[in-house]
Structure formats: structure tokens, C-alpha cells
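Chain lettering (A, B, C and D) follows the sequence in which the chains are written, and residue indices restart at 1 in each chain.
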Amino acid sequence: MSTITRRRFLEATGVAAASVLASPALVRAQGKELVMLGIWPFTGAFADVGPLPDRGMKLAIEEWGNKVIGRPIKYITRDDETKASSATRRMEEAIDSENAKVVIGPWSSGIALACTEVAKRRKVFYYFSGGTEDIAGKRCHRYAFNWAASPYTAMHVVVDNYMKLNPSHKRWYLFVNDYAFGWSVEKYTREAGQHHGIEFVGSDRMPLGTREYSGFVSKAAAAKPDVLCLLNAGQDVLVSIREAHNFGLAPKVAIVNSWGVGTEDFLQLDPKTRENFWVGTNAYYGANTPVAKKMVELYQAKYNAPPGYAPCAAYGMTRLTLRAIEKAGSAEPADIVKALEGWETQDWPGKLSVNAKTHQTVRDYFLLRCKKPDQMKHQFDFADIVAVSSQPLMPDSLNECKDIGSL
Amino acid sequence: MNLSLLAGAILNGLVTGMLYALMGIGLSLILGLLNIPNFAHGVLYALGAYVMVSGTKAFGFVGGALAALVAVAVLGAVIETLGVRRLSRVHPDYTLLLTFGLSLILTESIILVWGPVGITSQPPALLAGSVDLGVTLYPKYRLVVMVVTAVLVLASYLFVTRTRYGAIIRAGIEDKDMAAALGINIRRVFTVTFAAGAGLAALGGALMTPVRGLLPTMGLDILPFAFVVVVLGGLGSLPGAILAGLLVGVVQSLMTAIWPPGADASVFVLMTLGIIARPQGLLGQR
Amino acid sequence: MSADTILRTDGLTCDFGALRAVNHVSLDVKGGTLHSVIGPNGSGKTTLFNLICGEVRPSAGRVYFEGREVTGRAPHDLPHLGLARCFQRTNVFPKLSVYENVWAAVFARRTPGVLGCVRRAGEFSDVDADARRVLADVGLAARSEARAETLSHGQQRALEVAVALASSPRLLLLDEPTQGLAPEATVQMTKLVQSLVGRYTILLIEHKMRIVMSISDRISVMAFGEVIAEGTPDEVRDNRDVQRAYLGARR
Amino acid sequence: MRRVALIRFVLLVAAIVVLPFCVRPVVASEICIFAIAAMALNLIFGYTGMLSFGQATFFGLAAYTAGLMMIHWHAPLLAVLAAGTLVGGVAAALIGYVCIQRVGTYFIMLTFGFNQMLYFIAYKWTAVTGGDDGLPGIPRPPFAVGPLSISLDSSLRYYGFVAVSFLLAFYAMKRIVDSPLGVIFRAIRENPGRAAAVGYDVKRYKWLAFTIAGAFTGGAGVLYSMMFGIVPLESISWIISGDIVFMVLIGGIGNLYGPLLGAAAFKWLSEAISVVWERWPLILGVALVLVVLFLRGGLVEAFTRVRDIVAGGGPRPEPDEPVSVPDAAESQARP
């Protein structure tokens, strides 16, 4: 090949490259459209969850008429495949190609810890709701917020209120999913348990996605606990409960799922296996506040079932973000961050505030007790709300977010 | 570890082990006869479970299980005739790719038909609850599953070793060309074997629904273990697959009782040591 | 052992389970000769080759090559010692070109180490020259760019011989080079083998008696794993045991 | 013949230059990274005939090594790249030594078994690897040689670095398959028994191929660790091993350009479709089945078929390039 053709070729490539560069993405970036990215698991281990927060997020944006501060909202989603690598790649790709400025999701704590790194580096607004304390703790930064109650508060609400009603249940056995989420909630369950003289007669850590719980249930049964406490997530919860019933452990022994999703789990469980089942959750559709009531009504009309934690969380995060944008009068990530920091307001599920030092959302947590089949008034009448509380707050000394950093 | 816990762990191991053996037999026959590492074996198991759940609603528990067996076996026959057979003359790596593609398609189809959300199912009322075995309490349903899978495993083994058709299958595993030269319609044997392997996997999935629940990706959870069983037992060896299945099941279950995080890893350590020490597998001749 | 013995086997024995495939075989192949091994099917000829070439471990007995014991040496050591073989079933590298088949065999005798492999294959001009000479020798020069699997059966057999010749052996073991060949191709192959006589010491397994009788210097006759007779073609032809065993078994 | 090779190489460079403008730079980087890993597998699978289902072992080990070096020592870019490549190679030498003692399905399952064990160690050894959460907070050091220092912060710049690394790796791989090793590896793939009979210590060469592949895969793992500032646990999981295998199969085995095409097709397909439809694996599966049933030489064959049609027929070149022959013919023609 001669030099001339080679040079020509390189020139040609350069021109082609430049023209591609100047195309849609950049043009769009200069437009007024606000791109909000929902990153949810549509495939992989949490494939069953993905569509639910997607509904919630859509609902909030629709409620705003697909517009905020006069700018049209473009809602896009990406599949995180329940894998950190895919989540980060697609998040970064969406920031590059769609100019996404607001990112909400994903569902898994482990993956969120990867996404928060991208948000930090790419300086986009990031909202997550989950059980790892690290988003608003050890790995905190200015752009990331956690919507779910802090695991400290949540576990105290569950343990304190459960013990108030069942003071004699002092022998607890723990099933813990072996990742960020599980460790966080285990730590605070034990911490809360100390105040009530609870004896943790045993605890097993199993990988997320374990399908054979029979060994653990036999072990638990041998320890003769008063309470089987599930600190796991997704299908693991359901498999544990089913096995506990198969082995005759439940309903004699109470099952407490301290960080549950509520509705979606209930729907998958036979009413009989819900007997003596207690659930701590960030969102229950029975919440008695105006925002919650309206949302539940809209959701139920559309999907014929009340929302569980996942749609409520996505709805709540999106709603709060949109309100923060209105408050700031700007959709720039830095402005949204400043608008949220230290804000006290009413939203899903009720009165809430955002801790400026840690970006932890301080809000109510629920403890539910499932109804017996004959007590249910209709098919969705799953449980009584035993307690709703945002107390106690996590002492500053326990939070590992010592410096949230700068914008 | 106390006695009750040990007994429970071993019983659990035998239940899982029988399931592994059931999967392993089908996989082993398909690998031995058709020379296909059937990557879709896991999803056929999952499909069995899903058909079971729908079938139970229409035809009851036994009817559901039969529906799963028949539907998936037919699917297996179709896969063999329309897909695998076309690739009989090319490198086996392509069949690996084909079965991988099929497993993606079938997994996603399960999601489209039954939804991504998991399903739980209960054992039939007759078999609910547990019985006291003296050393430990044990769910009735699991005991029944153990017996039923054991019977299936034994029946498959006897079929292959004691019947004329089984002799043909064994001849095919030894030497395909010779079997064909003896005037056997080896192609039909291939189809039947693939269908039977698929059916066994589906039946395994169907029987395990009340034990393990349903999730579209459940096939991928079990597939690696099925392969471990085949390799550890010795390629093409049915007694090997049965022995390895039980061994893997019990080791996994005991490990769960001793050190839960190491349960799955112990299986792979077992397999690796097995291949290094006995290249032909536990009971393989080659 | 006489001075010009190149290969000697000493009581070579091989058992497969209860079956004794080769029973106390002692051969003595003289340098520069063509020594044939004949015998009915299943008499243990190929197993004998496999024992000599290290593919199968003998149950008893020893193999000496040029006075050095090579019993149980790995197959890949033998070409480096000067011993190369052809297989009964055509056994080449089907998807490599004819040239590459031979090139690989020539190159095997050189041990360039890992660093030598940094150069391009084409840069080894001496290997290239050797490979082309061997191809010309067996009459495949014109097909050198073709893939081995596209050759006719006769040409593949010739390639099989070429691959063995490529390592410039001092002893060549040929296992039925004319097996399965059409009459025309058989003639060609016989010519090829004849052309090698004198240049190489050859140990040949062959079924076709006419060929064996016409080209061999010495013949060993095997039956049921044992050598039942040995001598010049004439001696063997006249041996009664041979006639009985050989012709009897063939019927 | 040399001309053809040159044109091919120029086309390759052109494709690499255009790539980040056709797909997003992040996706382009990942394509190149996985192309290196696929290229390595192609060496042992396509050229030497050993299907490894455990390449993530070396990918992940190198990624963790690189991540830890950068987090704890702030090691410079090139040192990290060298260390990761070394770790990949050494690990492959150790594990490979055991694996190559067996063939066929047993070999596959051994590579898979070791992969599972190392995955398990990475999963449990959270103090070092971060376990299921991954190893976060990895900086992306600048490319620095002497006084020259180029920041790689933007996606495009990082792609530039990845692309250059890929081209270097490609060149190195081409030299390997063009060298006598290439012929020996293919001879072993075709007929290990015969390769031994002509004098090659088959196990030694298999071991060598496995080790070289491990080193390349390690390099790819290092590049991967810097992509998102995190080494996720799945970088050492069998999912990655499987992806690499399918990239090689899709692209067409035993061909130098196959892995790049396979990686590009695999990543691009999954990215493009996943944005459109959340059930994208279904389409991927259908595409795979169609390729297998109707287009078995992989994308390389599709390419040549299209070219033949465009060029008006003519004999189809062998998908397996006879690498040494043209060069040999040429060298003979030279004085």
C-alpha cells in the first residue's frame, strides 16, 4: 500500500470520526431535556425484582407530567444483570451517550457500591435505597444518597418492638446473606439484641441465591430458638420460610424477616405459611400518610395489586429528587445535592429529613405482623402494622462517614 | 455436631444426591452417546418445574409431574431432530454453542410465560408436615421424593443394563459406527436418548418444586453440579453417575452443616482431586 | 550384538489384561537393510511397533537402539534419537498444509528453545529447504500448499511416509504403507519404499507377500504374538511352520 | 501475500480507530479488553485444541492484583500491567500444569473446577478482595514514561490506551502464531499423537500455550480493573469464562481476527439489544442458534461469504490461514 493511499485513508477516517462525534448525543446534551436513568435488574439473580422499581419510577415521573422546571423528562432504563460490571458499564454508557444526570437504583447493595463509585467519578446525582450502611457510611460522597432507613434504626425498630410484644423470646437464630446488605443488618440486629438480653443461639451465613436451605433449617431447629430471624433477601427469604414449615419449625417458632419487601413476598407465600411471620420493611402500602395513600391508589389502579417496598422506594426516591429539583430550580447534580442536604419535609412514607453529613434519609420504618388466614378481610390484607418509627437515630460515633467530601 | 443434625444432613444430602444422579444419568447418556455436553440440561430441569406448577393446577400433582415429563421429553426430541442432528458431522463445540443458545432462549421464554418473579409451591396436602424418624424430624415430602427418585434412578440403570434397547444404547456409547453397521437405527436411538435425558431432568425439576421453589434461573444453579457428577463418576458410566451424585449431594450437605460458605466449593475440590487421582472417574473404564 | 545392529529387541512382551499380544519377541535389525515383519492379522505386529516407539509400555523385555537402551522412552524422544515411524492408519495433520505437515516434522529435530520460536516460521531457511527436499522425494512437491485432508488416499500415505522421513531418521518404521491402496497406488508406494532402500534402515510391516518377498533383506514372521521364523525371503518362503501358520490363519 | 497481510492490518487499525465512534467508548474499551482475552483463549482453543472453561481465573487474579497494587501502593500504570500479565502467566503455569495432564471433557472440567475454587477464595477473602461487593476505589493512573505523562481520565482517552494495548497484544499474538510455535500448536490440535511421534513433547507445548494465554488474559484483566474503578467479584466467575468461550466461538475459532469480531459482536449485541428490550438474552440466544445452524465458521466465515458474493464467487479461502506457508514461499524466493 502506498503512502498516499494510507494518508488519504487516515484523513477519511478522521472526517468520519468527527462527523460521528458531532451527531445526536452532543446535540441532545445541549437541549433542555432532563435524562433520568433507572438502573434495575431485568436479568440475573434479581430478575424478578427489576420490573417493580421500574413501575414506581415511571409512576412518579408521570405524576409530574413528564416535566420538571419546564424541562421535559426523559426516563431511560438500563439492565444491570444483577452484576456489578454490567451495572457500572451501562451506567457509564448512559452518562456518555444519553447525558444522564440523575441515576436511581439498582436493587442490590453490592452492585450499588459499584455504582456509587461511578457517580462519584462522573459527578452525577445518585439515589439508592438499600440495606448496606456504606452508601451513607464508609463509602459516602457528596453525590450519593440513601433513601432506605439506616440499618441501625431499622433493626432497632424491629427488635425493640418485637421484644416489647414478646418479651420471653430471647433465643434468636440468624440466617444471613453473605454480602454487604447481610453484614450491615446482622451487625445492628446483634447490637439491638444486646439491649434486650437476646441470646443469639446460632447464625449461618449463606451466599445470596442459596436454594437449599434444608441444612440450615435442620441446624436452626436443633438449636431450639424462639425466633428464626431472616437477614436475607429475594428468593432466599421465601425458600427459608418454606423449609422452616416443611421441617415443622414454623409456625411454632416465629419468623422475623427484619428487612423485607412486604407485598411481593406475601403474594408468593401461601397464607398458611404467613402465620407467625413478622416483617420489618421500609414501605408498606398500608402507610397512613397522604403521599402514600395517593401513590398506592394510583399503583393499584394500574397494576391490580398494592405496591411493595421496591416500587415504593423507586417512587419515593424519584419524587423526592423531582421536588429537590423544583426547590433548587435547577437540574444540575450539584444543585440537587445542595437542595436535598438537611431538608426536612413530608413525603413517602411521611415526615422525613436528609442528614447533610452522611446523606442518610431519616424516615419511618415499619414492623408488620402477618394475619392468620381467617383474619384477612380481603386478599391483600396481609398484615397489621405493629410499629412505625424513625427512632432511635444512629449515634454519630457509629457512622463511618466522617467526611462526605466536596462537590 | 449432634446425632440429629448429622442424620438430617445426610438425609438432605441423599435427597439432593438422588436429584443429581437423576440429572447426571441423562447428561451422561447424552454425552456418551451423542458426544454433546448438553448446556441446556439445566433449563430443561427448570422447564420441568414450571410445567409441573401449571400442570398441577389442571391435572393434580401426579398429572402435573407426568405433564412435565412428557412435555419436556417431546421438546428434547424436537431439539435433537431439528438442531443437534444437523450438527452431527461437525465439531462438538458447535453443539455446545447450540445448547447454550437454547438455554438462553428457554430461560427467557420461561420469564415471558411465567414471569420473572419466583413461584413457591406446596407439597400435596397428603405429604405436608414431617415425621419423627427417631433421630430427627424429617419432612414427609422429602422422604417421598428420595424414594421416588431412587426408584427412577434404579429403573433407568436397569433399563440401560438389562434391556435390549439399553444394550443398543451401550453399544452406541462404545462405538457408534459399529452400532450403525449392525443395522441399528442409531439416529432414532439418539433421539430417544436425548428425549429421555430431557424427561428425567424435567421430572427432577418437577419433583423438587415444593422443596426448592421456582425461579427462571434455577437451571443455572444446578447445571455445574450435574456436570461435576458426570465427570466425577466417569464419562458414560451410569453407576458412576449415581455414586458421584450421592457423594456430591452428601458432601455438599455435610459441608453446609459444618461450614456453610464452603459447601459449593467443596464439591469442586472433590471433583478436581477426583480427576487428578482417577482420570477415568470413580467407576469409568476409560 | 554384532557391530552393525541398529535395533535390537530383547524378549519384548506385552500383556493386555489376560491377553498376551506380544510374547518374547527378539529382533535384530541390521543397519542399511530392509527388515520386514509379516504375519496374519492380530499377530501382534503393530503392537510390536508401539512397544518399540514407546506408545505402549512393555510388560517385559528391552529395546536397544544403536546400542542404547530406549525401553519405555516417551514417543516424542525417539525422533530425536534417530527413529521415526509411519502409522497403519493415515495419521497426519489433516488441516495443516502438506508443506506444514513436513515442516513441522523437520523442525521437531531442531530444538531452538523458546527464544528461537520468536522468529517467523518462514525465516528458518534450512528447515524450509529440508521440507521441500522431502516433499520432492515422495513426489508431493506440486501439492505442498494443499490441505492434507484434501489429498487422495495414496497421496496421504505418501505424506505419512514424508512426515517420517522429515526427521532424517536412521531407522524408519513403516506400518503397512500400502494398506487400503488401489493397485495403481500400491505400485507407486512400493516404488517409493524401494527408493528408500539403502538410504535408510527400514523396519517394515506388510501384508502383501509379493512386495515383501521382492524388497526385503530379512523377514521375521509373527503369529500369536511370537516370532515363529526369521530369515531371508527364500528361507522364510520354504519354512513349513510359516506356511502352516500363515496360510492356515489366512484361510 | 505480504500485501494482503498489510491491508488486513491497516483495516484492523482503521476498525479500532472508528470503533469508539460507532459504539460508546466504554463499550469499545470493553470490546478490546475482551478481544485480548478471547485472543488468548483462541491460542489454546483455536490453535492448540484445548477448550478452557476457566479463563476468568487469570482474568480475575490479574484484575485483583492490579487493583490492590493501585489502591495500596499507587503503582504506576505500566508496572501494574506488567505485574498483572506476570500473575496471569504464573497462575496459568501452575494451574495449567495440572490441567494439561488430562484431555477433553476432563480438561474442561479441571479448568472450570480451579476457576470455581479461586472464585470461592475471592468471595470469602473479603478483607483483600471485598468479596461480593467487589474491590472498589481503584484509581486510573496516568500513562507515564519518563517525563511524559498522559491522563487517561476520559472514557475516550482510556479507550486510546486500551486500543494501543490491544494492537500490541494482537501483534504479539500474530508473531506467536506465525512462529514455529504456531505450526507446532496447530499440529498438536490436529493430531497430538502424531505430533509426539514426530518428536514434540506435546504436554510441554500445551503447557506453554496455556501459560502464554494466561499472561495475555492477565493483561486483559488489568485493563478491566481500571475501567470502572472497581474489580467486581464476577470478573473471576465462570460467567466471564463462558463469555470468553462464546466470543471465540461466535467469531470463528483458529483465526486471528475471529476473537475481535466475536467480542465486538457479543458485547455490541448485548449492549444494543439490552437498551431496546429487557429480554435481550432471548435475541442473543436466537442469534447464536442461527449462527450455529447456518453459519458455522462464525463471523469470519460470514465475512468471507459476503466478500465472495460481492467479488462474484470464486473459491472460498480456507478459514484456517496456513500461516507459515506464504512467508516460507517468500523467504525461498528471496536470495
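One rule holds in what follows: a residue touches a chain if its C-beta (ideal position, glycine included) is under 8 Å from a C-beta of that chain, and two chains touch if they have at least 3 such contacts.
Only a predicted model underlies this, so the values are computations on that prediction, with no experimental measurement involved.
**Q** Any chains in contact with both subunit B and subunit C?
**A** Chains that touch both subunit B and subunit C, as defined above, are D.
**Q** Would you mind checking which chain's C-alpha centre is most distant from the centre of subunit B?
**A** That would be chain C.
**Q** Two chains share more C-beta contact pairs than any other pair here; which two are they?
**A** Counting C-beta pairs in contact per chain pair, the top pair is C-D.
**Q** Could you state the distance in Å from the CA-based centre of subunit B to that of subunit D?
**A** Here subunit B and subunit D have centroids separated by 33 Å.
**Q** Could you state the distance in Å from the CA-based centre of subunit A to that of subunit C?
**A** Spacing between the chain centres: roughly 73 Å.
**Q** Rounded to the nearest whole Å, what is the centre-to-centre distance of subunit A and subunit B, using the mean of the C-alpha atoms as each centre?
**A** Roughly 36 Å separates the two chain centres.
**Q** Which parts of subunit B, given as residue numbers and ranges, touch two or more other chains?
**A** Subunit B, residues with two or more chain partners: 111, 261, 264.
**Q** Indicate the residues of subunit D shared as contacts by at least two other chains.
**A** Expected reply: 123, 279, 281.
**Q** Okay, what are all the chain pairs that touch?
**A** A-B, A-D, B-D, C-D
**Q** How about subunit D: which of its residues touch subunit A in the complex?
**A** Interface residues on the subunit D side: 3, 6-7, 10, 14, 17-18, 21-22, 24-27, 30, 123, 131-134, 136-137, 155, 227-230, 232-235, 239, 271, 274-275, 278-281.
**Q** Please give the residue numbers of subunit D that touch subunit C in the complex, ascending.
**A** 175-176, 178-184, 186-187, 190-191, 193-202, 208, 318, 320, 322-332
**Q** Flag every residue of subunit A that touches subunit D in the complex, lowest number first.
**A** For this pair, the touching residues of subunit A are 1, 6, 9, 13, 16-17, 20-21, 42-43, 50-51, 76-79, 83-85, 88-90, 92-93, 96-97, 109-110, 113-114, 117-118, 121, 132, 139, 178-180, 207-208.
**Q** What part of subunit B is in contact with subunit A in the complex they form?
**A** It comes out as residues 2, 4-5, 8-9, 12, 15-16, 111, 115-120, 122-123, 129-130, 136-139, 141-142, 210-213, 215-218, 221, 252-253, 256-257, 260-261, 263-264.
**Q** Along subunit B, where are the residues that touch subunit D in the complex?
**A** Interface residues on subunit B, with respect to subunit D: 31, 37, 83, 86-87, 90, 93-98, 100-105, 107-109, 111-112, 224, 227-228, 231, 235, 261-262, 264-265, 268-269, 271-272, 275-276, 279.
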